[in-house]
Each structure stands twice: as structure tokens, then as C-alpha cells.
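In what comes next, chain A is part of two complexes: it sits with chain B in the first one and with chain C in the second one.
Moving on, here comes the complex of A and B:
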């Protein structure tokens, strides 16, 4: 009886682990064309995909024009969060949040601003010089100042 | 009479210069701005079970960490880490301590000057994990943290990070060292050190460091995990000067599938009585990330303190362990660990002996 019970428990554990693995693998990988990067007075007009990843991983404390770098990201409530996490951090929303919690705890980066909607990200970047944010292409509206768009090159 | 006068003049000069520099930097480019302050908390609850001696099995409340960051203006930020931890000397058996309290001035690009109490950046673990059990890959710190590693420095630090294509980083620091406390120290000798690292990709960091301190009376203050009255040593305690040097090498890789952390330290202590002692420690962690929730891992941790050492006193420990980490999300996780500690030196009470331990840790942050 005991042996059967343990077998059943082991089976459930393996099923659970492999199930969550397949769930992660099933997600579609987003590409640069799915997003629009916006910046306010950050001294650059275009950025490569790899450069973009570096920026959003906190590589720069300040921009070449001496503006302090402010990273703006979608929060868990923002529908863009999962896609942005996968595109920039190759992980889930939780993985992205874990990365930033660790960076801030190390004292190596200032905390990014996590905002609940792409509209809020557009508004925040517009009001804060040095801010850089990323939104889904589908969220681009007339509210977005075209001068804020940073071109993503390959 | 001349020497004390010179020292007091020098102290006064340093004091005034420091205040002047600090005020200069504070006003430099400062534009009135509302401070942006963030508060976080971290804590952990532990359980350990020792089959050979079940009287040593218990739950315990771990360190509780209050963490603050604040952006004071566009170039200046503050970071504070205040910990409540077990202390048998307290009426409640818990006492608060300041673990980090620093002002960081980003003076250009990715270069900063830091003033305050820092975690001495001698290796990856001490520079990255600090007191956050939520971030530790294993339940405990490497053994060397209780003996060789100077955990904190109270002083100034120059820091550079993410420089060039390989993301080079450097730290140069000086301050009150091992024998001091947060209120100050006696004498004019300061600890100093330097470290360098690079990140060949987003998941890997390789670094090396050198640290030097002169411990005038061989007493550890609050900046070291070392205890001046070691439980493993029964001989007479040495209370004269010790010249302490430490070199460390760290290799860290935390990828989406594999995790590896190797921390090695080589330490020498020189005393007038027994000359130079050479100590060594090595910690190796490897983890396999099944997915973002499940990570089984292995660890091996070794420390050898030379028979001529009068700072840590002779000691040889080997720990091997097998563990499993389950992350509910980025704010809470559980680690379980089975470990075997080989005490290869003669123990004060029992002679050489070995311990099998089962440990559980619930670590959280908010």
C-alpha cells in the first residue's frame, strides 16, 4: 500500500513539473516588430535589439547627454508584461520582477517604474526626461508624441 | 608629544575635507526634486533537524531585513539595510543592526562614489546577496563567511559598472576594517581593497579581488562574521597585531537552465609569533533549473585554516549538500537541503566529528 502511495505521489510530481515546463515552452516568442520603444531626451534616435536588451537590463546609469536613465516597464497588471518579459529578459513576468528586485537590492541600479497600462507608460515617458519605455505596437495612439519613438534596428 | 599632535591635525583635516567634499557633491548639479523612496522587507524562517542529536532540531526565526532606497536627486541615491537578528545578549534575543547605509553619487556615466557602510565587494556572494535569503541559491552562506570574509567596510568606495562590451566593473574601497565597529575605530590604519569583474553575457560574471587589513589587537569588531572567541579552539588567545590579506576569485553563471557559483578565497595572516599562515576556502554550487519554479542543486564547501593561524585558529571543515528550491513567485520560496558537515579538525568538546543535517527555509520579500 505504502509503495503504491509513494509511486502515485512521484507520478503526480513528475506530471506537475513536466506540465509547467511544457506550459513555458508553448509561449510564442515575440520579436522587435511587436513593440515600440519610446524615450524622452535620452540622446539616441535608434537602438539595436541587443542594445535595447542591455538598456533594459540596467546597463546605463545615465545617458550620453548626462540625463539620468529611468527604466519604465509594464507591471504585472499590464497586458504587455508577459510579451515584454519574454522579449527583453527571455523569461516570465515573475523572472523579470525577480531580476529587478535583485538589481535594486544589490544597490547597482535604481528601481524601474512598473506601470499598469501602455497609456501610463506613454504618459510617464512624456513627463520625465531620461525615461525610456516599451509598449506594444497595438497600443500606439494619437496620444504618443512621434518625436519620442526610438527606432529598433537589427 | 609631536606624534599625537600631528595625528589630531590630520584627523581634523580629513574630517573637514570629507564634510566639504560631501557638501560639494550634494550641491553639484542638484536640481530640486521630490525624493522617490522605495521600501522593501525580507525575512526567513528556518527549520533544522539533526538525526544524531534530535535536541538540536528546531524552528528558528531568521534575520528580518528592512530595506530602503531613495533617489535624492538625479545623480544621488541612498540605500539602507537594517536587520533584526538573533542575539543571545538581548532581553528579547533579537537586536537591530545597520548592515548597509550609504549614499551613492553617480558623478559620470557608470562611475560612482559611495560613502557609508557597505558590504565589502570581495566576492560575488557578498556583493550581490547581502542579507536577502530570498536571493541566496542555498540555505546558508559559504562557510568562509563565518571565518575569513570581511563582510562590511565603513568608509568610501569608487565603483564602476557595465563598462565596455564585456561589461567590466571595478570597486576600490577603504575604510574601518575588521576590528572596528560602526561608531569608529582606534588608530590611523584603514583596511583597503580592490575588485574587478566582467560579464561576458547577461548571465555570467567573473571577478577577482584583493583585500588588506591590519588588525592591531587581533579583535574582530562588527564588520566580520568571525568571532574573537572561537568555539573550536581551546589554546591561549593571541592579542597582538595581525597583518591580514585576502584574495578571492568568483565565477557565477545564472542562466535559464544551468546555475553555477564558485567562490574561492586565499588568505594569509602574519603574526610576530608564528609568522605567515596560509588559509584556503572553496565553495561550489551547481543548480539545474527545471523551470522557473523548480531548481534542484548540489553544493560542496571547504575551508582549511593553517596550524600557524592566530586570527581564525586552526580549522578544517567540509560540507556537502543536496537541495531543492521551489519558488512560488519572485517574493517567496522554499529551500530544502540535506547536508553533511565533516569537522576534520579536533573539536573542543568531542574530537573530530561529523554531522548529518536536514534543513528547511522559507524565505520571503515584499
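Moving on, here comes the complex of A and C:
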């Protein structure tokens, strides 16, 4: 093993540590204000944080207006995925996948729609009545129909 | 139990075992194979499910698309035998259950120790996800599935088994049916029930041929049994007949033994057993018991006799026919009269030449001995008597002569033995006597005669000979005994007497002549006596014509009165004509009723048709004309009668004139007959001869008599006479008058007082002679009188009418004519049938 090799290993170690710091800085506990919940014809205009968690944990299969509930979440390719997982499931993306694998496997819930970007989420919700999605506030754009926004109350 | 041994069961059992084996194998093998296959299948299916689920998990984790997992689980859960699905994740080398469907305890998933479950694992790895999918299936459910699959198989197998067993039972019964039938047939035949109907069947296989063979055998058996039965019956009958014959023979043997007083005995030396016939015990007066030791007989013998008889035993040798035979005189206990027995015995040897049996006979010969003694005594008498005795065989050859004959004849016994007694006869011996002797002896008769014989030395001697044939019980002559008495001296005395008689003979002849003269007178006297006896008959003979004459005269008187009554009513011409006609038609007025009726009918026809006489009295006139015997050929006379003033009165005159002529003629004949009788008597008295025999016409002879009795007959008797024309016999007319007169008078007397009186007289010529029958319908002559009525003085009439001589005279007359008479009488008719020899014989 030569010097170059040791240098390469050292570089990787430094990169890993720096990355970890970066992640630690980015993974600060997200709050409701970081996210915008959108829904299409789901019978409600606002939802509490706990309610929101229950909804996104697949507790309801249909809305009060008898519309089937469709949960729309960011896929692991979506940059929002880690935050959403942390916010809603208090876990990582992998944890969220396990959660939903377990839910679907046991037949407790219908499988959510995982989309690769918030725009796709906005677009999906807009097109599918009963769908409820969560995006980062930073992803809000003009494409978002304001009527789709569900207020998160405390 | 019989069923399980039957052929049907055996065939069926083989089939049943085969089917059961196949089905059992199938029932065992098929589910096992099914289970194996199904398990493999389920494992494969389980493996695929696990892998599918694992793949779906990988895809879900990779694409964040969990619908595939849901679909895979839904598909897996659709399997009914699915127990659970689980996803295990490996974290820090530990496996933990992420999720299971349906939810089960984690422990069950991780340990997987349940034997009832079948597990399958499918590992997967995606990124940091590493784990495995576990699928579990319930073996019970697999078994249930297998059971569900095999249950129809079992049911089908059971059904097939039952159906096969039943089907094979019938197949076995069908296959074994001919054998069962044959068995039944043979068993029936074995029981000798051969009459069982057994039809022939097709013989296209072995059983058919066997059946037909048995049927043929049955036919043969029936025939054989019939033959056997017939043979048995025949044998039985033969046995019965033979037994009966044997029994009869045994009885006859016993009877013969009883008669001959002979019994037999048998001694079995080896067994010391005695057996004797009943007569043996009877002769020896011993108790008749089985195995009674008849040897006690020895005790009855004198000692020397017993010793002799027993000593003889040693002389018997095998294969040499020896017999001990001797007469013994014994005295039975308590009996002083000796008993003679003829004792025989012989010894029979066995094949080892050892004495085996003693067989013998005991015969009571006391009577024979007595006879022999008597014969000896008689023989001595015969030998020593002064009479000569000769005994010959049946060929008359001399067997023995006594001393007296040897002495008188001069021959020795040796010279005479074998000779015939004709040796004693010579030329002076009477040939007729010799012939008589030969003839009587040939007929087996006893001979008693006298004969002159001559001795060897020429000495002649007269013998009174008595030869008696000796006959056996069957009557066959076995020889002759001649006992001869010498009567030479008697014969000499007879000769001297004969010569003395010759001198007396002349005187005897003279006396005889005188006696003959005296005898002639006696004959005359006897003749007169006979005449006296015949006087009554002669009186009757005379009485008949005299009676006829009297009757004729009385009738004539009556007739003349009638003529005198009618004459004044007639004019001269009629009187002359009546006389003329009466004189012209002279014939017997007697006519039979039947003939009269025929003639009346012919006359009436003649009157009405030929003469056109249609008056009312035509029938009466025809009757009266017939009575007067005027026939249609007398047409001139009939016309004269019709033309008279009163034809009936005129005819009455003619009839009375005719009757007058007939009566006068009858009186003349009767008086002539009386004269003939007188002449006959005179002739008999004077010459003892009859008047001459001549050919007599029967009808004419009888009509003369009928005329005499015509008045009585016409009064109330219907007479029918039917005699062949010209019928005649050779005889004496006077006697025949007597014959007819007595028969007619007898008939009239018999029918006296009877309303309906009929007399039939018939005469015809037959091959045997001239048959004349006098019949009347008078009362029946009692049977016991029929053989007495021809006796003299026998009569059933009152004393006034009958003398009892009438039929006696009839018999005498018939005897004079060599004729025979038979009388038959019953309630309706009495008939006298007389058969005269033909006139030319």
C-alpha cells in the first residue's frame, strides 16, 4: 500500500466527516411551517399536526366526503423525502420505506404514491380528487392552486 | 358352510380377491402418490409465492411502489391452504419480522417448528434491505385437499368393488351353473332317482358334452335299472319258487323219511356237533334237541354190535368209498318189544385226509323184518305145500317152483328156471283154454281154469289152475304166481259120471219132447190170456168206429131234420137242382180255417167281379158257398144258386144234402172199420197175423177219421191241416185209423170246456222219414206225466171218458209201423210228433 493510497483513504475520511456535519446541520428537526399540505377534495381545509401524522400514517382510507384517501409522498429520489420522513414518520427515508412496506404487507393501508418531485406532487394532487400530499414550502410555485392548501394548525 | 365350499364361491372368491387386491393397491398407492405430487406442487407453488413476494418487496423498495406487494399478497392469500406470509429483515445479523400477513406471533415465524406447517423461504436484498420472505402452508389443509381429491376415488373404488363382487358372483354362478347342474344331476342319479327329467343340451363345449353323456348315461341307467329290476323280480320269483320247491322237497323228504321210517344224522368230528333229522330221534325215542349226542345210540346196541360198528371206523380210508351197513336188533328202555334198525354210516375226510364228518342213516325196519319173517314162513308153506306153485317174471319165465311141482313134473329146478310154463303143455292140452289163459294174462286179469299138463316123464295130470298177476303200486304187472291143484282124480270121477249120464240122456230127451208139447198148450193159453189183456184195447178199437157211427147217425138225424125243414120252402125245380148240385159236389166238407178264409175271399171276389153280384149278403153267400166246397170253377152251379129265390136257403139245402152224403159215407166207413177191427181180432185170434200191409195215403186216411169227428170239430174247433200231397206210409190202414182217432179224440177231450180250440195236423217228408204232427192248444201235460201217458190204463181224464188205453194203442200202432213218437207240451201247445219210415223202405 503506497502513499497515494493512504492519502486517498484520508480524503475519504475527511469527506465523510464533513458530510456528516453537513447532514447534521441539514437534519435539524423540521416543523410544520417547513411544509405545505395540499389536498384535492378531501373535505377538510385544515388539519392538526397529530391529525396530519395520522393521515400520512395511513390511518384513514377515505375522507368524510366519502372520497378515497390517496396519500402522496416524495420518493427517495425527491429531495423532500428526508425532511418529510423525519417530519411525518420521525425516521429516515429507509424507515419510511419499512413503515409503508409493513403497512402494505399487512394490508393495513393502501400503498401511497411516491413521486420524485414536489411539482409532480402538486400536479398529482391537482389531478386526483381525494389525494393529499406534502411538499416543502420552498417548492411552492405558481403552479400550486391555493385552494389545495390545507392549513396545519397546532 | 356348504356354500363356502361350492364351486361358485371358489370362482367368485378368486375374482373377488383379485379385484380387492387391485383396488386395495389403487386405494393405497393413489392417495400416497397424490399426496406426494400435491406436496411437491404445493412446495413449488409456495416457493414461487415466496419468490414473487420477495421480488415484489424488492421492486417496492426500489421504486417506492408498494402496489406490487399488495398484489402479490392478495394473490398468495387467495390460496386456501395459505397459512401466513411474512417479511423478515436482517439487522445486525438478527432477523426480525417486519410484517406478516395475516398477523401472527413473531415467534412462530422465526422458529418455524410447527410440524403442521410447511415453510418456504425466499431471500431478498436491495440496498441496505436484506431479508427473506417466509411463506407457510398448513399440511392439514393439504391433507384435506388430498382427502377431498381421494374421497371420490375411495367411493368409486368401493362402488367398483361392490359392483365387481356382485357382477363376479353372477359370472361365477353363470360359469359354475353347468357344473352345479351336473353335480345336482349326478347327485340325483346317485340317489337312484333316474326318472328326473334331463333334457339334452347343446354339445358345443365340454360341459355340454358331459351333460349329454350324463343324460345318455341316465337313459342307459334307467334301462339297466329296468333290466335289473326285471332280473331281480325274476330272480326273486325264482328264489321264491326255488325256496318253495326246496321247502316242499324238504317236507317231502321228511315225509318220505317219516314214511320210510328212515332218518339221517351227521357228526362234525372237529366241532363235536351232532345233527340229526327228527325221524332219527323219533325212531330211537330220544329227545329232539339241537346237538343231542345221538351217539348214545351205541348204548342201545349189544356190546358186540357196538364194538363191530365202532371197529369198522378204522377201516375208512380217504378217497375210498366205504359204507358200514348192518341191521341191529335193539331194545329201547321200557319196551320189551325189540326194535330192528338198519344202521349205516361212512366217514368223510378233509383235504388233509383227516376224518371230518361221520354221516349215516338209521332206519326202522321192524315192520320189514316182520314181513320178511312172515315171507319166510309163507315161502316155507309155498315150498312145502302139496299144491304146485310157480312164480314167473313178467315175461312168464319161471323164477321159482316148489318141491311138489318138481316132484310131479319130474324136472329139476335148474331145468325149469328160465323156461316158460308152456313146457308142461302138450297136444292134449285144450287150445281154447291156453288161448283164454294168454288173453287174460295179457289183460292183467286173474285166471281160473282147468288144464291137462304133462311131466318130463310123459305122465299126464289135470290141474285146477289159479294164476294171479303180481303188480307194483303203479298197477304194472311184474310177474305171475300160479297155484295149481292136482285134480286128476276128480277128472277121473267126472268121466265115470259122464258115462253114466249118457244112459240117462235118452230118457231125458223123451221127457223133453213131452214137455215141449205141454209148452205149446201153455203158449196157446198165454195167447188167450194176452187176448184177454187186449180185450179192453179191442173194445176201444171197436168203440171208436161205433162211436163214429153213432155220432154220424145223430148228425145225420139232425141233418135230415134240417132238410125236411127246408124242402117245403123250395119248389120242385129247386129241390131237383139242389140234389143235383149236392150229388155233383161230393167232397169232404172239412176244411181248415185259414184255407176257408182264403177261399171265402176268392169266392167273394168272384161273386162281385165275375158275376157282378153286389148284394149285401154277398160275403155271407161266399162263406156258405165255401162251406159247401163250391168253388169259382163251379160257375154254373153258383149262377143257379144266385138265380134261386132265396140263395142262402137254397144253399142251406145243398149243404145239408152234402152233409147227409158225407155222414152216410162216414157211417159206412166206420161200420166198415168196425168190421175190419172184428176181422183183425178174428185174424189175431185165429192166425196171430195182421191184415196185409199196404201203402196208405196219409191225408186220405186222416180225412176219413176227420169226417167221423167232423160234427164235433165243426161245432167249436178250428182245424188246420197241412199235409203234403201224396204223402204215404207203408202200414195198416185200420191201425192208422185207430191212431188218428185216438189222437183226435184225445185232443178233443183235452180241450173240453175250453173256449178257443185249435187242432193242427201237419205231414211232411223229411230225410229221416215221414213226419206227422198232431198239435192242439189244450192244457199242458205235466212234465212228470210225459213218460207215463203211453202206459196202459194211465189216464188223467175222469173215469167216464178215459179208459187209459187210447195212447197205449197209439204206441202199439206206432210200434207196428216201426215209427217213433215224441211228445212236447207247454202252456200254449201240445204236440205229438210221429216219424214213420219211408214207404219204400
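By definition in this document, the second predicted complex is superposed on the first by the 128 of 154 C-alpha atoms of A that agree within 3 Å, B and C clash if a C-alpha of one lies under 4 Å from a C-alpha of the other, contacts with A are read in each partner's own complex, and residues count from 1 in each chain.
Here is the rule we use: contacts are C-beta pairs under 8 Å (C-beta built on N, C-alpha and C of every residue); 3 or more make two chains touch, one makes a residue touch a chain.
Because the structure is predicted, anything quoted here is derived from the model rather than measured.
Q: Report clash or fit for the pair chain B and chain C bound to chain A in the combined superposed model.
A: clash
Q: Could you look at A:35 and tell me whether it touches chain B, chain C, both or neither (first, second, both, neither)?
A: A:35: touches no partner chain.
Q: With both complexes overlaid on chain A, does A:75 touch chain B (first), chain C (second), both or neither?
A: It touches chain C, and chain B stays clear.
Q: With both structures fitted on chain A, tell me whether chain B or chain C touches more of chain A's residues.
A: Of the two chains, more chain A residues are contacted by B.
Q: Figure out whether A:56 sits in contact with chain B (first) or chain C (second), or with both, or with neither.
A: So A:56 meets neither chain B nor chain C here.
Q: Looking at the overlay, does A:87 come into contact with chain B only (first), chain C only (second), both, or neither?
A: neither
Q: Looking at A:104 after the superposition, I want to know if it touches chain B, chain C, both of them or none. Which is it: first, second, both, neither?
A: both
Q: A:95 contacts which: chain B (first), chain C (second), both, neither?
A: First partner only, chain B.
Q: Do chain B and chain C touch any of the same residues on chain A, and if so, which?
A: 94, 97-98, 101-102, 104-107, 110-111
Q: Can you list the chain A residues touching chain C in their complex?
A: 75-76, 94, 97-98, 100-107, 110-112, 114
Q: Please name which positions on chain C make contact with chain A in the complex.
A: The touching residues are 57, 60-61, 63-67, 69-70, 73, 85, 87, 89, 98-101, 103, 128-129.
Q: Considering only the defined contacts, which chain A positions touch chain B in the complex?
A: 17, 20-21, 24, 53-54, 57-62, 67-68, 90-92, 94-95, 97-98, 101-102, 104-108, 110-111, 130
Q: Applying the document's contact rule, which stretches of chain B touch chain A when the two form their complex?
A: Touching chain A from chain B are residues 38, 40, 42, 67, 69, 71, 74-75, 77, 79, 100, 102, 104, 106, 108-110, 112, 127-128, 130, 132, 134-135, 161-162, 167, 202, 256, 290-294, 327, 329-331, 365.
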